[in-house]
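The following pair of complexes shares a single chain, chain A, combined with chain B in the former and chain C in the latter.
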Partner chain A sequence: MSTSARRRLLRDFRRLQNDPPSGITGAPLDSNIMVWQAVIFGPDETAWEGGTFKLTLEFSEDYPNKAPSVRFLTKMFHPNIYNDGQICLDILQNQWSPIYDISAILTSIQSLLCDPNPSSPANSEASRLFSENRREYNRRVREIVEQSWVDES
Partner chain B sequence: MPTTKRDRGSPVPTSSTKPTSDSSSSTKKPLKVKVKSFHGIARWSWGTPADDVCGICQSPFEGCAPGVKFPGDDCPVVWGACKHAYHLACISQWLAGGKNSCPICRADWNFADDS
Partner chain C sequence: MDEIESINEASSTPLVSQLYPISHLNTIFPPSSPFRPQISTLSSTFTSLRIIKGDGSCFYRAFLYAILTSLLTSPPSVLHRLTTYIKTSLSLLGDAGYSKDALEMFHDEFVELLEVTVKDCREKGGQEGMDGIHKVMTEEGGSAEYCCWYMRPLCSLQLKSDPKYSSFLPSSYSDISDFCKREVEPTGRECDQLQVIALAEAFEARVEVSYVDGHDKEGKVTKHTFGEGTDGLMVNVMYRPGHYDLLYP
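Moving on to the complex of A and B:
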């Protein structure tokens, strides 16, 4: 069994604790350092403000040479997030680099919230509303924000 | 990692001349000091900035990449043509995954001539 992934994840954890990016928390499961739970807070002064969005990250023994699989547990409404919570984000796919750590991954996802990429839609309705009816889009986002407070996931 | 603030060129502490000697009496007598013994301390590095870490494993360059037992010759640091450095063990694993790019700048990976 390779331990290099675990060693790296411990370093990631230490860095996340010592230098936490604002609006992001995360920690491995007590029983398994290869599986993490994280929460991203919706950035202030955006439609996402106040939301608490839970995610799960699963790492393989190939980390950091392979990206983890990351999924939202909280229900989302976003052009680049599928209904099952999977995220369409280049750095988690073909643009992955082994210099990324958990802080970098979560920070990228946080910035994706307010800055969707319309050219790779994962949720066609969110995509359409984002480009055609921003008012309705924002209303739907705020619904998701309110749901995030009561979600039992 | 130990940090030595001492000047590298002077392993023997330069005993300061008595501060009582005023600028008026500039009689510069050479100090009669006999070095009986000294304790040399050396520090090696790969030439990477002090305390810098390998971007892939996040361990110090002077330390060990995962899976390597001893630092130093067993765990060399290599540079790409793009001037980015990694533990040889770390960049090799990344390249073995089928990507031929520098993890930092994404330029095509070529080992620098002298590494």
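Moving on to the complex of A and C:
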């Protein structure tokens, strides 16, 4: 069933186009439907507001039975995001289920931005500032937001 | 426990084994095994078994295998009832907040399994029909794998459909949705009793579970029955810690 991953990715693409979640865009590369680029916009009225954060998603032929590998291309500062952009999120690891399509994956990552999970730190400094010095944490997030515009150009 | 692990790790193990005489269990559990007294008891009730691959989906797979083979000899109304159940499930899942787009290809595989494969095997009948089911159930990455997976959202849907299930919820889960997200929907998460009950009731099957835990020197085997199975759908499984296999009387 080597085509089932591609069939599902086309379906995911259609859903993302017809019913796009707010603050999220995504599309496969022209040359390869197994690799996607996406952008998550920082949610309004949060420290992340105004940021444009790029991600890449790589799918295997086992999708949707196996989770894609997802990472931020934009430099991030977040308790659950590693320095190399890898994301520590339950549904991308041990709680992966084929019920999640690309729309759901990106929406979950978007909500993770403002709602970090302190029990699985991937960036210890971000994690420490988030719990001990929220003002400094927010300042560092704002820096990342401004940096994301520079990356854009 | 080593015996169970050695079964689970063998990647060359078929998804569902051939039919073995019940004495095959003696080759899995050596005479010194604490499971042996209960195995002897089982041998007086059951004649044969199939070993199910232990990859975290063994109950779903055993259940589906038993249902499909049961359908070969049951009245046409049972196949009709199950086909209707699967066909209506997709919009019910959509109503419950799941993405129909994400689930549709799994649903379509299940409908096709019932409307094409089972129908075809019923027409062939006898051993040829059974072989047809065995073939589809043992194909790695094949359509039956997709159907086994679709049973997870079906199980969630059932658990969310009736508040009675919440009263069995272990306290480590905040609610039934949390339980479904962590224990039912992720691939490879094994069935516990709550999922077994939900599936039995969702498919209106009767599920008999013989528990072999290695703790009874007298060889007493505890048996639990879930679901009614009023139109004859029967599933017989043996449970040993972390694993289910199919039993035949």
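Basically, the second predicted complex is superposed on the first by the 150 of 153 C-alpha atoms of A that agree within 3 Å, B and C clash if a C-alpha of one lies under 4 Å from a C-alpha of the other, contacts with A are read in each partner's own complex, and residues count from 1 in each chain.
One rule holds for everything that comes next: a residue touches a chain if its C-beta (ideal position, glycine included) is under 8 Å from a C-beta of that chain, and two chains touch if they have at least 3 such contacts.
Worth saying up front: this structure is predicted, and the values here are computed from it rather than measured.
Asks: Could you check whether chain B and chain C clash or fit when both are placed on chain A?
Replies: clash
Asks: Look at A:Asn65 in the shared chain and tell me whether it touches chain B only, chain C only, both, or neither; answer first, second, both or neither.
Replies: both
Asks: Is the number of chain A residues in contact higher for chain B or for chain C?
Replies: Looking at chain A, the partner in contact with more of its residues is C.
Asks: Would you sort A:Tyr137 into first (chain B), second (chain C), both or neither based on which partner it touches?
Replies: neither
Asks: Is A:Phe41 contacted by the first partner chain B, the second partner chain C, both or neither?
Replies: Neither chain B nor chain C is touched by A:Phe41.
Asks: Is A:Arg11 touching the first partner chain B, the second partner chain C, both, or neither of them?
Replies: both
Asks: Quick one: is A:Thr3 in contact with chain B, with chain C, with both, or with neither? Answer first, second, both or neither.
Replies: Only chain B is touched by A:Thr3; chain C is not.
Asks: Regarding the shared-chain residue A:Asp101, is it in contact with chain B (first), chain C (second), both, or neither?
Replies: After superposing on A, A:Asp101 lies in contact with both chain B and chain C.
Asks: Of the partners chain B and chain C, which touch A:Phe77 in the superposed model: first, second, both, neither?
Replies: Neither chain B nor chain C is touched by A:Phe77.
Asks: Taking the stated contact definition, name every residue in chain A that is touched by chain B in one complex and by chain C in the other, in rising order.
Replies: After superposing on chain A, chain A residues 4, 7-8, 11-12, 15, 64-66, 97-99, 101 contact both chain B and chain C.
Asks: Which bits of chain C are touching chain A when the two form their complex?
Replies: Listed in rising order, the residues of chain C that touch chain A are 98-99, 101-106, 141-143, 145-146, 149, 152-153, 181-182, 185-187.
Asks: If you look only at chain A, which of its residues touch chain B in the complex?
Replies: 2-4, 7-8, 11-12, 15, 62, 64-66, 97-99, 101
Asks: For the complex, which residues does chain A have touching chain C?
Replies: For this pair, the touching residues of chain A are 1, 4, 7-8, 11-12, 14-15, 64-66, 94-101, 103-104.
Asks: Once bound in the complex, which stretches of chain B touch chain A?
Replies: 55-59, 65-67, 90, 93-94, 97, 103-104, 106
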